[in-house]
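Below, subunit A partners subunit B and then partners subunit C, in two separate complexes.
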Partner chain A sequence: MNVAGQVVGGGIGDILVRQQSGSRLEVGDLLVSEEENSILILEVFGLQYGSQIDGRVQEMMSGVILEEEPPDAEFYEPNFVNYVMARVKALARVNRDLSVNLPKSLPAFFGKLRIISSEDLKFLQGGGRDRIFIGYIRSGSKVIRDAKVWLDARDIFTHHLLIPATTGRGKSNLVKCILYHLLDSSGVGALVLDAHNEYYGLNGEIGLSSHPDARNSLVYYTPTDPPPGSRHLTISLDTIRPDHFEGIVEFSDAQVRTMRKYYSDYRGEWISQIMLTDLSMLGEAESRRDAETRSITMAVLQQKIRQALDLEVDRENNVVVSRHNVFDSVRGGRTADDVVQNIEEGRVVVLDTSKLNDEAELVVGSIIATRILDHYREAKTRGILREKPVATIVIEEAPRVIGEEVLQSRTNNIYSTIAREGRKFKVGLTAVTQLSSVIPKAILANMNTKIILGNEMKMERMALIESASQDLSEDDRTIASLDRGEAIITSIFVPFALPIQIPHFEEIARQHPPPAPGTARVKVF
Partner chain B sequence: MQSMAGHRPLDTLVRNLRAGLTNMVHNDVVMTREGRPGLELKPEAFRPIARTNAPARMAFVDGGNGTVAESPNFVISLNRLYCGLFRGRDRTGAPPDPRIEFFSLVVRRAAHTETEYKTEYDVSLFPHDDSHRRYMPTEYDVKASIRDTPTGSDPRIPSLSRSLGEWRMARATVQTLERGDILVMDGSLTTLDRIESSYAQDLYRSAQDRGVVVCALAKTSRLLTRGGEPLLDRVHEISAGTGHGMWCIEVAEQVSSHDRGFVMAVKLHPNAAFPFRFEILREQFLEMDNAEKDRILSSMAANSCDVSFLGYPYGLVDADRYAQVRNSDVAMYGALLESRLRMDGDLAGILRSMRAYGAHERLNGVSS
Partner chain C sequence: MRFAHLADVHLGFQRQEPLQEIERRVFEGAVDRCIAEEVDFVLVCGDLFHVNIPDMRVQKMAMKKFHDMHDAGIPAYAVYGSHDFSPTSSSAIDLLEAAGYLRKVTVSSWVDDHIRLEYIQDERTGALIAGLSGLKAGRDMEYYERLDREFLESANGFRIFLFHGAVGEMMQDEISGESLPLSYMPRGLDYYAGGHLHTFRNRRFPGYENVVYPGTLFAGQTVDMEENARGMGRGFVMVDFGDKVERVRFVEAPGCRYELIDVDADGLASEEAAARIRGIADSIDADGKVVILKTYGELGSGRTADIDFSAIRKGLLQGGAYYVMIHRRGLTSKEYKTRGESMGTREEIERRTFQDSIADVRIKRAALTGSRGVDLSTDLLAALRHPRPDNEKKVDYERRVTADATSKMGLE
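Right after this comes the complex of A and B.
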């Protein structure tokens, strides 16, 4: 046995281990204690010095060396006298039959611990159709390539997925990897609002389009010049309803009343009608004061809708046009229906929203997401929800729609509705964010899988630790020190918080097809 | 705190001390109790110690004890004996049983005769392993040793088993050593009674048979010069004029009839803060040539370069580390013992007398 250290004290959650002098433990290292009918997996969360020598004497020794520079002075048995103590917590007990329990007892006193090996992680093994590969188990910064973590896509996407990290730690790369594996599964459909147009892979770049089955399972919409095999992103203005703006654009009560009235009077034409209304023609039969108010309300409303959807009014032809071709009153784009259908067929749908402003992007998402939720609600009433794939909405900078401030100042938006009750209808949110602390606790706690990447902001880490599915109270520093692509998965679907290394997307795309299910394609919880 | 005015006993005390201890006339020969006079401590008598690349193997022996429980009529001690092997800075393996541990129980009981009231002692020793008895004194000898002590309540009683054990441990160690090896005892070769000197004698005989040199090194010494100055201080002062970094000076062939060592003072590292008392079994020392003396001293110096205590043999630091009985050990065994006593109805009374006896400790805790 390759001994890494020996248990010398402590208690549950904070076991003290003396490091074997050669082993150079790292924070995050996984250790194993071999017990009678099981193994105990432990994780290093702290390192400190230990010594047989009293602190004052150590200072004196240092003084002797620094001040006297004596010849022939040495440290006798340095490894024996001064050493490193690791603080360790037990993560899981893996039984002979590969079942996993939460550990409720301590490893043997003076028991020897060794570094984990892929053999110890056999319990991760198993096959399955709708599983997606997330990454390799990581011990400190050492990646255990044989121990792969696959999660059940249906489980994690129904119960919402949160991907928090500060910038540059690998959120987009992770999303890309996850979506890539989703292309292999028909059990989950995804709507991806791709604000940076970074997922599809244009101009020969590696991206989701590099997947061998992309033609079949990936659909890409872009407003202009769609490459071969992809489609035009056009949303017909007549598919938009006043409630699609809810919680995204802020309207006054008077404005909302006006919108509702136009919607009931003109139905699909309501936006055009509002936009084309000539303010001078308003309120002929009314008092001047009322007319003034109404025209102000209308002016502001026009302004807000124009801004939100990036519209322009072509006075000559008396039509409303979209500056980026997305919203259309003439051609009658079918994007919304198509998208919903594709998602219901388990495909990954990427919308290039990079040319849209924030609000327009969210409104587009809102139109589609509302439709999906409606369909799924109906499917549930009709008792056919089981037949549908799980649907997930992937959204960047999630606090735009589920942030505390947004939710307090405006009415509910469709995204927050999904976060709160989508689970019942198999519709989930995949929220990517740099700021988790501004998401209400109730929503955070409901995001039952979190793939936590590095984060140097204390407040963010605290929000994540408090809402994690496992006890991460000792992992604050670990999270702070996660390198690019290093992550911790905490989830109600894993037995303990799994430290992982996320692969680089290009590596994943290049090695496709992935190993066949059942052989090296491992991982089940 | 006392007010600063009025009479200040400490000031008076310091004045007296100055009068008594300064301006002493040097008389640089150690004061001996009996036997031949010491040697003159002069600069020319210092012998430099050279470095060696081939240090001898050395065995360091030490013991420790702690009182686990006591009452007016018994005392239970935990005793530890340890031996470590080094060559220069390096540990060289370990003896078969490097560290042994045993409990001693000394019970004082009344033993009347027709003519007098007196007390007798019963001694029992309890090793963890019966095979360890060969490193331990016999119960009979401990008892005899107690009887030899001037008063029944000698403070040595709790440590007697340990002291005798050290000689036994040393003898057992010698039996595993080879010609030319060096045995170093912590402290001195002084013995306090008849039994102890016979234990020491057993060791010396074994060592001489096997050609193993017996030495002892003491951190402190109460020896004085004839001028009344502390020996080691005075020697240190005189050494300043010699220019030697590491040195040895022979002090006396015999400082007391209870000590079989030839006494020296040594400084084992140029940066050592002070010299130590060092002795070699007299019979062996008197037969040594200078080369042999140098071999021993150089070997000691080669083990004394650890930064934690420059000039003190690391082997003794190590032995102390293992032999020491710490307060936490005593507390743990004390608690174990108490729980066993409590389970035994007949012994509940003992518990009470232990508690009463321990009351002063509790008082110390309260009032300090």
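Right after this comes the complex of A and C.
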């Protein structure tokens, strides 16, 4: 056995281990205590020096060395005298039959510990059709390539997934890796609001479109110049309802009443009718004051809708046009239905929302997410929910819709509804954020899988630690020191918080190159 | 210069003689109009025939009219549709081509693992015409994935692209199915002549001017008749052009007059439903019209058989109706329920049945699941449901049906 250290004290949750000289333990290292019929996996969460020499004497000796510079000054048998003490906690007990339990006992006193190997991690099941590869198990900064972490996609996406990290820690790479593996699964459909248009892979870049089955499993919508095989992101104004703005754009009661009235009177044309309303024609035959009030309400409403959806009014032709070609008064009547259908068939649908402002992006997502939830609710009522894949909505900067402030100041929006009750209908959120602390605790606790990347902000770490599915109370420093691509998975679907290394997306994509063209030449009729 | 654009004529779809007569009259009228307007050429964008080898009656009629066009010096350019496609080039389309009455424009070769389509140049106008046939089971998708778009885009002249398939961006209320992204088409051409969607539509998108479907001339599926009765205009398209498209004009093809009797019998006793239907039938002016009686819902009591549809039909015919269609598949009874959800046309019911069943299929091949699986199933059913025509030997029929079916599955 390649001994890394020996248990010398401590108690549950904080075991003291003396490091073997020559081994170099790191925070996050996984150690193993071999016991009868099982192994105990432990994790290093703290390191400190230990010495048999009194502290004052050490300081005095240091002074002698620094000031006198004596030649050949060294400790007598230094490995016995000075050493490193590791603070470790037990993570899991793996039984011979590969079942895993939470450990309720200590490792043997004076028991020797070794660094974990891939053999110890055989209980992590391999891939399957509806399992997605998240990364390799990591022991400190050492990556165990043979120990791959595959999670059941249906489970984790039904119960919401949170990906918290600050900029530059690898969020986008992780999302891309996850979506890439989702393309292999028909058990989960995903709606991705891609605010940076970074996932698809344009102009020869490696992206989701590089997946061998992208043709069947990936659908890409973009407002301008869609590459071959992808679709125009055009959404008919007819498909927007007043409730799609809920919790996204703030309207006064009077404005909401006006919107509802127009929707009731004009149905699909309500937005066009509002935008084309001539303010001077409002309030005829009413009192002057009422007319003024209505005119002001309408003017503000027009402005809010114009700004939210980036609309312009073409007075010459008396039509409403969209600055970014996404909203249209004629085309795009089926886009939302098509997207929903694709998701219900287990595909990943990427919407390039990079040209939309925040509100327009969220309204687009709201239209589609509302339909998805409606469809799934109906499926549950009809008893056919079992047949549907899990649906997940991938949203970046999630506090825009599920942040405490938003939810307090406005009405609920579809995203918060999904976060709260989507699980019952197999609809989940995949929320990407830098600021977990502003998400209400109730929602955060509902996100049953979190893939935590590095975060230097104490408040953010505390929010995550407090809402984690495993006890991470000793992992504050570990989270702070996670390097780019390093992460901790905490989930109700893993036996303990798994330290992982997320692979580079390019590495994953290169492992599964698309089939070479021209292997079979179809006959053209 | 001017050309006509037809698609989804579905000659041979009608099984009843009075409706076959309308089908013939509408088609002949459209061809005569093309001749009268002295079009320079005619585009046929798939599904000219409802099946690849229709009855001799249908073939004779088509041959005669294409002969007339030929005599008038009007060339026709065509692609197969999913209904009249033949993997062995034994469709009635091929018969017309062999006779010199039309040309298939799918002239292709493989260059560097891409499908290169050559333009055919219309002699009189110089227009460049290329296109791809409509296949199902995702096979035409493969054409588009490997199409050398740049080659088509780089040609100079007035360029037309023929296709048969549902472009996603053009779809409205169609039953969902596999659709073709517009981005698969070569960009910047002058006219995109489509077939497959049965209602007229004409749209433009950045890089794709004039994407046009003329729709069916009369009817190619049961629901078309009902839409006709609700006022849907049917016809074809005339396009005036010079260097660019100057005008796209929808030319309505006069079919017949309709009367639609729509009765929601949900919760009614069978006697009440019968009385309501009779009441409406007695009140309408059916003279010379195609009457479509559509009834649906779950009877509160009694049996569907209690409603004497034969007598209602008889009464309408006596009232001068040209033809009476009765759609009662959506009518069920509590007492004699056979299937939970049967409302809709035959196509809708078939499609829904496949959708319901396919949801239980756990298989990795995408072509067999989801909407693609449903498309394939409906296609396969369509390929297998047609009886042997009188003019075809049994061995030829078997060979053809087998080839059709295996081709639709992409197995040949």
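Note that the second predicted complex is superposed on the first by the 505 of 525 C-alpha atoms of A that agree within 3 Å, B and C clash if a C-alpha of one lies under 4 Å from a C-alpha of the other, contacts with A are read in each partner's own complex, and residues count from 1 in each chain.
Here is the rule we go by: a residue touches a chain if its C-beta (ideal position, glycine included) is under 8 Å from a C-beta of that chain, and two chains touch if they have at least 3 such contacts.
Keep in mind that this is a model prediction, so the values were computed, not measured.
Colleague: Could you tell me if A:Ile384 is touching subunit B, subunit C, both of them or neither one (first, second, both, neither)?
Modeller: A:Ile384 sits against subunit C, while subunit B stays out of touch.
Colleague: Scan A:Asp337 for contacts with subunit B and subunit C and give back first, second, both or neither.
Modeller: After superposition on chain A, A:Asp337 lies in contact with subunit C alone.
Colleague: Should A:Ile53 be classified as contacting the first partner (subunit B), the second (subunit C), both, or neither?
Modeller: In the superposition, A:Ile53 touches subunit B alone.
Colleague: After lining up the shared chain so the two structures overlap, which partner does A:Val64 touch, if you call subunit B first and subunit C second: first, second, both or neither?
Modeller: first
Colleague: Which partner does A:Gly168 contact after superposing on A: first (subunit B), second (subunit C), both, neither?
Modeller: A:Gly168 sits against neither subunit B nor subunit C.
Colleague: According to the stated criteria, A:Ala73 is in contact with first (subunit B), second (subunit C), both, or neither; which is it?
Modeller: first
Colleague: Let me test your reading of the model: by the given contact rule, A:Gly346 touches which partner, first (subunit B), second (subunit C), both or neither?
Modeller: second
Colleague: More subunit A residues touched by subunit B or by subunit C?
Modeller: C
Colleague: With touch defined as at the start, can you tell me which subunit C residues reach subunit A in the complex?
Modeller: Those residues of subunit C that touch subunit A are 80, 85-87, 89, 106, 108, 110, 113, 115, 117, 132-133, 135, 139, 141-146, 149, 168-169, 171-173, 176, 179, 181-184, 203, 205-207, 359-360, 364, 366-367, 369-372.
Colleague: Could you please specify the touching residues of subunit B with respect to subunit A in the complex?
Modeller: 51, 89, 91, 269-271, 305-308, 310, 314, 318, 321
Colleague: Which residues of subunit A touch subunit C in the complex?
Modeller: Checking each residue of subunit A against subunit C gives 129, 186, 213, 215-217, 224-232, 234, 325, 330-334, 337-338, 341, 345-346, 384, 387-388, 517-518, 521-525.
Colleague: Which part of subunit A faces subunit B closely enough to touch in the complex?
Modeller: 52-53, 57, 61, 64-65, 68, 70-77, 81
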